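Here come two complexes built around chain A, the first alongside chain B, the second alongside chain C.
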Partner chain A sequence: MTTLAMPRRWQLPGWGLCLLLALIGELTYFTITTRYFAANGVPGILVLAEQFAPTGVLALGMAMVILTGSIDLSAGATASLTAIVCGLGLEKGYNMWLCILAALLAGTLVGLANGLLVALAGIDSLLVTLATQFIVTSVLTSLAGAEPPFNFSVTFQGLGQGAIADVPDDVLVFLVLGVATILIVNYTTLGRSIVLVGFSQRAAQYTGVATRRTLASVFTMNGAFAGVAGVLLAAYYNSAQPDTGTILLLPAITIVVLGGVDIFGGRGRIGEVIIAGFLLGYLSQGMLIEGNSSLTITMVTGLVLIGALVLKISLERNFRQALAVRLQRLRTWHPSLSRPD
Partner chain B sequence: MTMAKEAEPAVRTARNIRRGPDLARLASRREVLVAMAIVVVIAISTAVHSYFWSSANISFIFADSIVVALLALGESFVMLGRGIDLSVGAIMGMSAIIVGFRIQNHGMTLLPAIALGAAIGIALGLGNALLVGVTRLPPIIATLGTFSVYSGLEFVVTNGNQVDTIPNSITNLGVHTVMPGVPILLVATLPVIIIAAFVLRYTTFGRAIYAVGDDAEAAYRAGIPVQRILFSTYVIAGLAAGLAGVVFLIHTSGASSTTGNTDNLSAIAAALIGGTALTGGRGGAFGALAGSVFLSATLTALSYVHVSDIWQPAGVGVLVLLAVIYDSRGNAVRLPRPHRRSPKEGRPQ
Partner chain C sequence: MTSAGRREDASARSGPAAAPTMRAGSTYGAIDVTKSFDDVTVLHEVSVQFQPGEVHSVVGENGAGKSTLLKLMAGVYHPDSGSLMLGGETLGPLSPRDAQRRGIYLVPQEPRLMPDLSVAENLYLGALARRRFGTVAWRVMNEATGGMISSVGLRVDPRTQAGRLSLAQQQLLECARALSRGCGIIFFDEPTSPLTAHDAEKLFGLMDQLRGQGLTLGFISHRLDEVQEISDRITVLRDGAVVAREERGTATRDELVQAMIGRKLSVTRRAEPGRAPATGVLMLDVADLRIPPQVNGMSVQVRAGEIVGLAGLVGSGRTEFAETLFGLRLPAGGTVKVAGRDVTGFSPRKCIDAGLAYLAEDRGRSGIFADVDIARNESSAILARLPRRLGVFIRPRREQELARDAAQRMDVRASSISSAIKTLSGGNQQKALLARWMLAKPRVAVLDEPTRGVDIGAKESIYQIIESMAGEGLAVLVISSEMEDLIRVCDRVYAVYEGRITGELGGSDITLEAIGHLVVSAS
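== the complex of A and B ==
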């Protein structure tokens, strides 16, 4: 780190605030420019969030993985897999909750496999998940077959399309999982180990943190989160296409990084990730309503990611340097030196 | 850092270089191992299906591997510098589309097409290079962002159209062979790979890439312009991807807005199998070629034993896992390497 002893979790103050202001600005902009965006008032705007809630859930799991300094490229494919597992079960007429459980189990197992490979074999997570992504894709394509499952029971669709007190179920799941993630990361031993492992794996190991167990758990949790995302996707679209979750991988990583989580681990706040999820989600929803194609939105997402990071990094660097200079002056301050400069 | 014992030192000492090739070391080189693996795959497949050893099939395997080989070559430069470029597939797609439209609608000939492809590759590679080398974004994030941007651009440029009528004078290059089993494409690509290998092995620039990838801090202290070296690796990756786009046109005689979206990962896989480490400072140019020929041969062999295309990605995945597990033999018990940090950190103020 820098030569000065900075507080460990020190960050650009109010990055979350920047995101929040951007979110408010964006909502205002779309409300004014696009007639359909706020046609149904606040509930209407909340319903728009249904579409990107699964991406948000995926981002929450990914945020924990990235906090440890790892990355999971297989999360999107895992979400697809769980959507298909759930869909196949429903098509065969099994109990809905049984299917959901099976889907979550499938996700958790993939996560566990990733975790064990990363933790025990000591291989870079990028490589492990690159490989498991390929494998999972093959498995799910062969499971889905020529005709992927679709048209589920009304009760199951209700999960993806229903609402409790105007808040759609998907969004509710996203928010509840978001709060749970905040609690896990900030207030549990596991959560603090996640951040410490990300900050310095070596330091964590010497401090007596079970780094391997932490890594394995974080990937397993991410698998479970991907499972939830997959179930939500199946319920929302009323079908389970092979690419339904795979295409969400890049947006999910973008959300995490936009949310201020350091890609090398150890720094980041889940709350900011949640705000970033809404920011990016409403951006794409607004642009879709304006009539842009999804690929144009992908492009804008990429530009937002790069722009935000360049801004953040340059701000942090300048701010830190300014602060360092000021602290240095303070330390070497002597009355005889205090002449105006 | 403690490397695995069998790994070749990243920067060899002067005495090592003078000693010349030695058989034991040659046999343990990854390129040689992969080449032997290719022979084994071909031998087994031929034993099962005698048609596998036909000039048409062997030539197809080579021709099919060239696109990924070029992508993996560029990716190797980046990975040797301890970076990663997730946008090479999209750069290839852009090059294939723009060049394809010029050929299809304006009758562009081959040589200008190659020049245009290279120029597009360099221009888009410069985008990555600026983000990583100048604004110092983490490479994985910067190239993830440019991947989104470039693949969006592909859609904007095509406007929903696709390239589908490439004249025979150009596509013939993908079919014709110099001698049975050796396609023109391979012969045309070999010089590129040899030049890349020469640059990496015998020029100051090449050795500097290894030094930066092995330990950016040490390289910085040794007076190597770290950021400038990193900058150029991304430009080179762009150039290679631009050329790959032209080869893609020759080989498949078409391109659409989704061209190249999945080739990033194949390129990384081929480089990894060829022995280029993601942790920088280890690998080489021939590894990229060997890795992609191996991938192509194995996937073709799988289709010969009636394994459905669906399982091809799984095959690639298993091969990547095997390659990296092979790489990390004996590493599991010791402390893992510290995470990649930008070279800026830890530098004296």
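== the complex of A and C ==
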């Protein structure tokens, strides 16, 4: 009988540490170089996070979808839809909580539709959500009409702009949902199914994992998360524009991949996605305060993403060995060798 | 990439030769190569020389480092130390592409063809024959392909989709591809394990012919008789080191086995003549199961404590039968009862909960989660039954302990329970999967090709695991195309041919001849 070693209880998540160091470095940099960035101390820095908390919430749902090896292109539009549903309700004078509930329900239903199409019809998620994204966009645009709802009650605005113990409400929502997502992914049957389906849907099926139910659940949850993001957006901007969530789709996906989630599924940690959310969010906030144009910020985001992914791949492989092999190949490369016989 | 691609097109435009241009092989050797993955040394200072005009076999148990050695020589992996010598020249770091340019081709265990492209397109992949305006010269290409594939003994229409070829034919096509690219050094990584004896004979015929043309051939196999039949030279690896070098006729089969595993092997039969038929409770009762055209009414019964075999050739419907039992396919008719309960048409999940376990035939794709650690691979079949905190949250530590205990019972050899399962050898992967299914506490275990791609030593321990499963009162159904497996472990054997049970053998009637006769004809 052989003895098998148990793993260490705590293992250092390398990529998470890199992201955390980058975040600290970034905050330090902006604090030193930009006068207004830390003018109000820690609470001031936290308030800056209000702006990107909804994107973070979208990224959490998206991370679960991507962990299964799928993608949801309709999440941004779904957030816009829920913002408008919530806004219209408020404008008509319904109870605030009822409006929020309706918004969450709308998001969940869109997610459920996506999930059922992906799981039962077996259509690739990219195509399904590309289609539902169009449908949702047209529905929400006609709902919004010529004058989208704006100027809501003070209590509702408080959701997007208030704070509990210096932590702004929507940052709090992001963090709470973040912890919930960590628990779901790491410690529940559903979470384990998500990961296994992401690594190999076929093997998952052969080992009795309910693959279809898992896919349907993940898309439904993502819809609900988009609903939360939509409500937060409406509260933060005190209005519900038709593109308010739509433009956050790509930033959300960016956060997920920067957070180290494999775009083909299986590998990834939610904790690292949360840190990546703060990293990217503060990057754009800091640069805005520095006085950069949004064009510059977009470009820097792209560069950061490429740099980070290259670094990550290098960390995973034996970097030096890989580099040595590549250099050697470059040196020994000869045109005559590349011609086939 | 683009410039290289254009060059390839240009050379192809001149028109391919009607028959493959053979290039004689050169001497190709590895000198003191060492290779480790993570902390595990897979090869330790191994030296081996492949000579032109010879078939040189590398044999060893699974995990001995045979595949790693060939992959190293074909540029798939890079040695940590040591060097590769091609005809007196030391090679630098090699990519698979470089290797092919230098005439080295590895025919992998699973052919790497594009299943949706034609035979001709696969042969010319990346170098399609062109006409003047860059359009593809289909006719020229198909005709040339015909000549080339028939020279390796493959007789199919060049326009056939590669995915429709049998495994054996796909391997021949791989050989043709190597030859059409002028490769003079061809390595075969266990080409015969999925082949029938007849197809393997064909492949050996081709190897013999290529040897006559002065090519350098390397060969890996688990089947020692065929190794002895074909090889001019045999290198035996054990635990990543060379333990014996033999030439044709210098070693007996027993000596080879001993060198490979370091001990002698005794083959025993489980079902002694005169052993009373099993009288346990009927655990698996399949009546007239049908999924045309593969399965046409199969009835199988297995009692508790009994090991029953299902013998059949590849394509006889035995895997489709098993997958239907396990709810992966919907039957057109018939019933499946596990421990008296009708589970026909249940999902795999419900089948597992009803007490059924199915070890899948295709371990690499349907069995393991390659990148996932051993612990989570084992627990994947019993997610809902894992120890929880507050009844909700899985306790990873307890899960790992559970997996570790199960893996130790199955004698899985790995450095840690958190190693990715793909780092284990085939035999150890299979044992980890058996541990997965034992954790599910089944009453019926259906094992599909439990010893495929597994070496002699691990085979024996898998036999013992199967016997201990039956000893604990499980009903075990073993599906195998290896007759030796069935003779070794089974109390009773059903033979399948074209989706029908063609016979049933028990006790001393289970012989190679009897099974062999039943699986090839519906008498």
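By our rule, the second predicted complex is superposed on the first by the 305 of 341 C-alpha atoms of A that agree within 3 Å, B and C clash if a C-alpha of one lies under 4 Å from a C-alpha of the other, contacts with A are read in each partner's own complex, and residues count from 1 in each chain.
The working rule: a residue touches a chain if its C-beta (ideal position, glycine included) is under 8 Å from a C-beta of that chain, and two chains touch if they have at least 3 such contacts.
Here the structure is a predicted model, which is why all the values come from computation and not from measurement.
With both structures placed on the common chain, the touch criterion links A:Val42 to neither chain B nor chain C.
When the shared chain is aligned, chain B comes close enough to touch A:Ile263, but chain C does not.
In the superposed pair of complexes, A:Ala146 makes contact with neither chain B nor chain C.
By the touch criterion defined above, A:Met299 lies against chain B but remains apart from chain C after alignment on the C-alpha atoms of chain A. Look at A:Leu183: by the touch rule set out above, it reaches chain C but stays clear of chain B. By the touch criterion defined above, A:Gly69 reaches chain B but does not reach chain C. Contacts of A:Ile313 after superposition: chain B is touched, whereas chain C is not reached. In the superposition on chain A, contact of A:Val154 is made with neither chain B nor chain C.
Legend: residue contacts after superposition of the two complexes on their common chain; A:Ile135 is shown touching chain B, with no touch to chain C.
Counting the residues of chain A touched by each of chain B and chain C gives the higher count for B. Common to the chain B and chain C interfaces on chain A are residues 1-3, 200, 202, 205, 324. In the complex of the two chains, the chain C residues touching chain A come out as 4, 7-8, 11, 21, 23, 78, 92-93, 95, 98, 101-102, 127, 181-182, 326, 328, 347-349, 351-352, 358, 360, 365-374, 376, 379-381, 383-384, 386, 389, 392-394, 396-397, 400-401, 404, 407-409, 411-418, 436.
Listing the residues of chain A that touch chain C in their complex gives 1-7, 9, 183, 186-189, 192-193, 195-196, 199-200, 202-210, 266-267, 321, 324-325, 328-329, 332, 337-341. Of all residues in chain A, those touching chain B in their complex are 1-3, 69, 71, 117, 120-124, 126-128, 130-135, 137-139, 141-142, 200-202, 205, 250, 253-254, 257, 263-265, 293, 295-303, 305-306, 309-310, 313-314, 324. Considering their complex, residues 84, 131, 135-138, 140-142, 144-149, 151-156, 257, 265, 268-269, 272, 278-279, 308, 310-318, 320-321, 324-325, 328, 331-332, 335-336, 338-341, 345, 348-349 of chain B touch chain A.
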